[in-house]
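Structures given as structure tokens follow.
Common to both upcoming complexes is chain A, partnered first by chain B, then by chain C.
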Partner chain A sequence: MPTPYDAIVIGGGHNGLVAAAYLARAGKRVLVLERRERVGGAAVSEQVFPGFTFSVFSYVVSLLRPEIIRDLDLPRHGLQILPLESTLTPLPNGDYLAQWSDHDQNRCSIARHSARDAEAYDEFGRLMHQMARAVKPILGMAPPDPASLHPRDLLGLARLGSHFRSLGTEQFHALCKLITMSAADFLDQWFETEALKATKAASGIIGTLLGPRSPGTAFVLLHHYMGEIDGVYRAWGFAKGGNGSVSEAIAGAARSFGAQIRTEAPVARVLIENGRAAGVVLERGEEIRTKLVVSGADPRRTFMQLVGAEHLPEDIVQAIRRFKFRGSSGKVNLALGELPNFSCWPGSGPQLRGAISISPSIEYLERAYDDAKYGEFSRRPYLDILIPSLLDPAMAPPGRHVMSIFVQYAPYHLNGGWTEARREAFGDTVIDALAEYAPNLKSAILHRQVITPADIEHSIGLSEGNIFQGELTLQQMFFLRPAAAWARYQTPIRGLYQCGAGTHPGGGVMGASGRNAALAILRDGA
Partner chain B sequence: MLKTTPFHERTAPLCVSHAWRHWAGHVVASSYGLAHEREYHAIRSSAALLDVSPLYKYLVRGKDAARLLDRVMTREVARAAVGQVLYSPWCDAAGKVLDDGTIARLDEDIFRITSADPNLRWLQDNATGLEATIADVSESVAALALQGPASRAVLQQMGSMDLKYFRLTATTLRDIPVTISRTGYTGDLGYEIWVQRENAVPLWDALIEVGTPYGITPAGMLALDVARIEAGLMLIDVDYVSARKALIESQTSSPFELDLGWAVSLGKEHFVGKAALAAEARRGPQWQLAGLEIEWQPLERLYTDVGLAPRLPSAAWRASVPVYAGGDQVGYATSGGWSPLLKKYLALAHIQSGWAAPGTRIEMEVTVEHRRKRAAARVVKKPFFEPGRKRA
Partner chain C sequence: MSAPAVVIGAGVNELVAAHMLARSDRKVLVIAERRNSSTEIGWVPPRIVRDLELEKHGLAIHRHDPWVATPLPAGGSLELWRDMARSVEAIRRVNPRDAEKWPAFCERMARLARLFEKLYLAPPPDPLSIGFAFRVRALGRHGIEDLLRLLPMSVADLLDDWFESDSLKAVLGAAGIMHHHQGPRGGGTAFRLLHHCVGNPAGVFRPPASNIGRVLAQLPGVGVRGAAEVARINVREGRVAGVVLSSGEEIAASLVLSGADPRRTLLGLVDPGWFDPAFVRAVRNIRCRGVVARVTLTLDRAPGFATLVVAPSLDYLERAYDDAKYGQVSRRPYLEARSNERQVQVYMQYAPYALADGAWDETRRIALGDSVLQMLSEHVPGLRELVTERSVLSPPELEALEGWPEGQAHHAELALDQALWMRPIPGWARYRTPIKGLYLCGAATHPGGGVAGAPGYNCAREVLRDLRRRSKP
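And now, the complex of A and B:
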């Protein structure tokens, strides 16, 4: 039976859209099916309260691969990235630590706390630049399996081997440390200022249920250092209009190549005939046939729900069952009548235009983790805050503001489960923690939206509310993401591919999974 | 936020050009007047007063202070006399230059280091196990450079005894405690005056008052840049990349490659980078930081061909400009400019050793009316300008 589509992409998250755009660009007739009323998945902007627009879930841009921006010409489709130029860490003693993108300003600022750290900062930055450079080629490849004898894997491994040899011993050793150490231990090698170590270590715990002293977190730190804007590593930005405009731009590019996008079209399951993907069945019962199905959903949803264990070999079913999600973070989005006034640095100056990080010490973060380890949300959580309306005033009515608060830890498996009351208690805890540093906060709040991992799972379908579609821990990275032998975007079902962040190289609004998947599909001639 | 120097309340009203530049997190005047020429000529014909406070300064004290500095510096610091100042580069273990600066022996066990980049961590890390403390006095000590043929007379007028070249003395000027060193970055007769921050403005006022009959002129960084090129003095981040900042090995330079072989004491028992430098000394450096003189007539011809008179860079430039020999690129110039004194177009360039001998004819790229041309040039000995008064 003829079908109007060469490929169906399940899920209009940014990776699904990227995959759709690349496939459409290569001449395929592509249909994207999105469950919600808008595309974007976790990268959406919504007017949650009238006049106040929020990047409801993900809220910054950095890791989005530059080649995707170039290949899809995203600026032409409306992507505009505004720079974030500082990170302010208020301290319990009334002081603050500020990091700036301007080199001299940053050096003076760090030197207030430690002249040694101010010097180490440059050398640390240089090392991380080299490390990001070292792993950059890996981001764009389908991961070869070292246990496989397939020529494709051997070739990939040979390429990797020669790449790592080109690094030189010093860098190779540093990379080994980075892969095996905890973020706290790694940073201890460089810095003595607690707030500086903690603010940097925070990048190592985001999206995982691990503490800064857990081995493996240095690697997550590196993952967040791979951000690159305009050729500059470790540059973070805010998409004008919120992170939804990233998705809209990619959707615009996909449409310009001829892809069709249907929203409010939830897929119930992948149609499988003779061990091959044959199309999809929507929840409403509609059947759409095609020979190529690409799932942007996370591994659990893709394999256990859309496909079903009965169609799969036992080993992958077990691997996916063991794949760790363990959502560990939540969000609080605030509509504010006025700007927060931080006691450590009062007023509405440049200190509010970047990130604000509640991470006064490694111990603070580790204790926050201790709560989560035993099934509670942190009594004193790590917060990563932005005030997007200072960067893009259109996000809020004139003179008013929106505040985005990323919160960790908020474990998915909360003792007693997440209820409405627990959600509000969680929101109160976050507000209390922040109000210690910005006393006018409570009176400035007009509306608040509290999002728990359970809400993330329920609203956008990320299993256990994990923002990366699965933890970025070593045992489920690279050729093990999401499962050994099934890390090259393909699946045991012929014609079914995965393109979500649950595949290599993982999450963070990178788009790399979507792109790599599309390129793998095109290479396979599927 | 950017910092101002302790002289800012005096320099700010003088800076009618509003041309400021950033230096080590501070703002300093690029030129006080709308053009820098008058300030430059003060350096060479009367006396110029330059605010060099943003330099990093460290006080190294203790029984092992000399041992520490002998370990870090390529020159032999332990043998310096009290009251002597040394210029030295310092290197990493691979023998690549991290920074360069001066080491003043204030007392048997007290030294003051100046550097272009912060070096507290490097000094502290190398002091492990030694009885030596390092204090960062960058903020508390202000510095003025008094440079030019009349500089000696100005200081003598204030009752200061004369100093030999690269010597230093602790004294008072108008009752203000200072240390004065016969050092500078202009290659001319000149002094640097070190003063506690709180005495900075009175010192400035005293020098201006006494110096005015001698033509003392506050001068900015643009004037200094021309003078330091004439003096053949390199500048970190411009003429070389610190090994601490280099992203790839080829960006680094050894002291030999920077024409600082004279400042490497391989006879010392140990210093950081010694093994690598000893090997390089045997092998010979691959590169040389050399002086270039761009020849006038071929340059003029390039301009005449398009109907223009030669355009000369009156302010020094800082860029990487290819240098050729035959058809091949053999190096790159890193700074250059027109010397109003010598009436020559000068440049500092990294040149592969085979083409670095004085007298070698090479070519430097110049852009003439939007088109790349190659101007004939000659490798010449540095410094380009060395008046007898510098050391006299």
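And now, the complex of A and C:
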């Protein structure tokens, strides 16, 4: 019996939507099935408290691939990115470190702490820029299988080799170092200002259960450095309307190409017949048949739940079992009656319009990690804060504000498990840590929403609450994401593909996994 | 025809390099800056044994069996043997599931170790070369996956994938952090465990001991200047011209091989003005943070163990590292005690070279010795009464005595970003330096410490290659 769909995409997260849009653009009849009542997955805007809208989970845009913005014409579908132009790091001694996107202003600001660092900053920026450029072409690649003799893989390896050779020895070596070093060691080579090192290192630990002194974290630092909006490296932005509007824009593009999107349609499993994907079965029992199924769920959900180990070869089952998730971050969303007043820089000036980072020193971050390592949330956590209502007043009622606090570390595997009481204790810890720098915070809070890794798993289905669908560590990247031999978006089940952040190149509201997957599918002629 | 070659240092690496050159008819003078220790720990590559005919000269390699013993929290101890079946039996008493997996784990590690055996006796590979690609592919699908996954990961993650027993994981995990400024949860520590498999049969994760240092010292063929110290390396027109001893004596040489660490060699002995700033910065940035103290006990009689490891769990090791991370001596340290007849050498980790509060003084050393003896006595009954003599060496003393920069036995930490083609610094990993005729042959070069003589051996072969190339018309 003919089916009305050429392809079904499981999960309406941004990657699923990107994949759907590209497939629809190529003429496929696509159906997206989303479990929740709205699309977006981790990139959603919700009115959590009346009048207050939050980017509930992910909260900035920096890595969204420019080719996706272009190909899908996202601005036409409502995407508008407002730049974040500063990062303020309040310090325990009452001082602060401010970083600005304006070059000269930034230089002056850093020179206040160290003339040497201000000097090194430019050269550092050049190196990171080079490294980001060196890595950029790899983001759009379907990782070749290094053990295969298939001409496609050999060609891929040869292309990879010649790309690295084309960098020249010096840049190739710098890249090797960056990939293998710890963020702390790497930054120690450049800077002496603790707050500067820590604020930079912080982006190296996001989403992993590693401290800034652990090798492998310098690379994640680069991952976050690749942010480019309209071609400008290093820029971070906030999507007008919250991160949900990124998803809405992509969904809009997908629909304009003819894709259908059904919400509140949770998929129970992938229908498999004779080792081939034959469609999906919804939780309510409805069966939808198609020859091509694309899963945006994370690797554990896709393989162990939607497919089931019994349909898979032992190798991949083992690889997925040992794939590390270990969510390590939480979120606190606040509705505020007034703006926080930071004692290091009082008032509501430009310092509040960018990011605010509680990361006074590498040791602070490392000690935050020590707690998590043994199964406790950080007593003094790293916080990355935004006040979106300053950039987009529509996020809160007039005169009031919303604040988004990203928190690390909050380990998924908490000693004794996450309970209601532990969640509130965690929320209190976060508020206390921030109130040290902004004493009026506690009295300004109208409502608060505390999200633990367990909540992330429960509400949007990310295993162990890992925001990247699996740790972004070297042993889980490229060839090995999510498993060797299955990194090209295909799976052992013919007709079933993966397109989530659990595939190369990984998370960060980048969309590259979804795009690469769609292109691989179209190339395979599936 | 040959101008003399000077070798700075008389450790195993330096002597292997010296004798390799001497065998190619070079006149070689070794400046023996310090006394050689009598027992060496580390794999002795058969090729070096063969090339220098060390067996004929009395080389003895001690392969302990059991190769390790560790006290179990519930009493008794876990002993691991060279014989696979015997280890399986021993592990079965601790955890039957782990025993099942032991042979497969050892085989997987041994397969990778065999690749490294080849890589270790040659200059570091060029990762982008076709030859290297073929070597890696020869490992087969499982081998390639294991290699790519294992190198960057933490030894704790690797072992958690395989085993359940805390004692078993800790005894293996300890090999991943020995002499290393990381805990078992730090990335790259699985590679260090692999480093300890190289040259060992499957199922052995500790290197053997040997008298290779003494054998090399007695080998004829090279001149040795004892009790001397090099103060300077002379450079003329970008070429090495000789060395100046601290006595003021000048020795002209067209070839100088330095076993001293790169920082001392290149920034101390050579005038750094010869190098461009980027090179100087790279050398300065070599990390060599020492983390061990060595306690030597002389006993009335043999203590009844060969290698004893005190490390009850990976978390215990990690907590020991937590202290060191912030510049403190571990409150509950990891101990690795090796006995040789009536002498026991205990490596205590972590004892950071740079302390957050104050310096290494007499009080701290005595306290450290006391606590090490106390901890060992808990596991070796009657030990305290057997001790006739004890000495404690803190990291600064190891630096002075052994020439370990900051007390780091590997000269440059054997971390992934300082391994293979990045050892000691990228671009200069093939024993040469920007000064013509000046080479590095110490543990800071590929493949690092724990492989007796391999850096020296590889270095000498590169020197000879350069000489052959130059003598061609």
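By definition in this document, the second predicted complex is superposed on the first by the 526 of 526 C-alpha atoms of A that agree within 3 Å, B and C clash if a C-alpha of one lies under 4 Å from a C-alpha of the other, contacts with A are read in each partner's own complex, and residues count from 1 in each chain.
One rule holds in what follows: a residue touches a chain if its C-beta (ideal position, glycine included) is under 8 Å from a C-beta of that chain, and two chains touch if they have at least 3 such contacts.
Remember, predicted model here, so these are calculated numbers, not experimental data.
Asks: Let's test your reading of the overlay: on chain A, do chain B and chain C clash or fit side by side?
Replies: fit
Asks: I'd like to know which partner A:Arg76 touches here: chain B for first, chain C for second, both or neither.
Replies: neither
Asks: Tell me the angle subtended at the Cα centre of chain A by the Cα centres of chain B and chain C, rounded to the nearest 10 °.
Replies: Computed angle, apex chain A: 80 degrees.
Asks: Looking at A:Phe479 after the superposition, I want to know if it touches chain B, chain C, both of them or none. Which is it: first, second, both, neither?
Replies: After superposing on A, A:Phe479 lies in contact with chain C but is clear of chain B.
Asks: Output check: A:Pro215 vs chain B and chain C. Expected answer is one of first, second, both, neither. What do you get?
Replies: Second partner only, chain C.
Asks: Would you sort A:Arg126 into first (chain B), second (chain C), both or neither based on which partner it touches?
Replies: first
Asks: In the three-chain superposition, say which chain, chain B or chain C, touches more residues of chain A.
Replies: C
Asks: For A:Arg523, select first, second, both or neither according to whether it touches chain B, chain C, the two together, or no partner.
Replies: In the superposition, A:Arg523 touches no partner, neither chain B nor chain C.
Asks: Mind working out whether A:His150 is in touch with chain B, chain C, both or neither, as first, second, both or neither?
Replies: After superposition on chain A, A:His150 lies in contact with neither partner.
Asks: Classify the contacts of A:Arg379 with the two partner chains as first (chain B alone), second (chain C alone), both, or neither.
Replies: Neither partner.
Asks: Once superposed, minimum distance in angstrom between C-alpha atoms of chain B and those of chain C?
Replies: So the smallest C-alpha to C-alpha spacing between these two chains is 6 Å.
Asks: Residues on chain A in contact with chain B in one complex and with chain C in the other?
Replies: Shared contact residues on chain A (touching chain B in one complex, chain C in the other): none at all.
Asks: Touching chain B in the complex: which residues of chain A?
Replies: 104-105, 107-108, 115-116, 118-120, 122-123, 126, 129-130
Asks: Any idea which chain B residues touch chain A in the complex?
Replies: Per the touch definition, chain B meets chain A at residues 1-3, 22, 24-25, 118-122, 124, 136, 244-245, 247.
Asks: Considering only the defined contacts, which chain A positions touch chain C in the complex?
Replies: For chain A paired with chain C, touching residues are 146-147, 157, 161, 164-165, 169-170, 172-174, 176-177, 180-182, 185, 189, 210, 213-217, 322, 324, 363, 366, 370, 373-374, 473-475, 479-480, 484-485.
Asks: State the interface residues of chain C toward chain A in the complex, per the touch definition above.
Replies: Residue list for chain C touching chain A: 127-128, 133, 136-137, 140-141, 144-145, 148-154, 157, 161, 182, 185-188, 281, 285, 287, 315, 318, 322, 325-326, 415-417, 421-422, 426-427.
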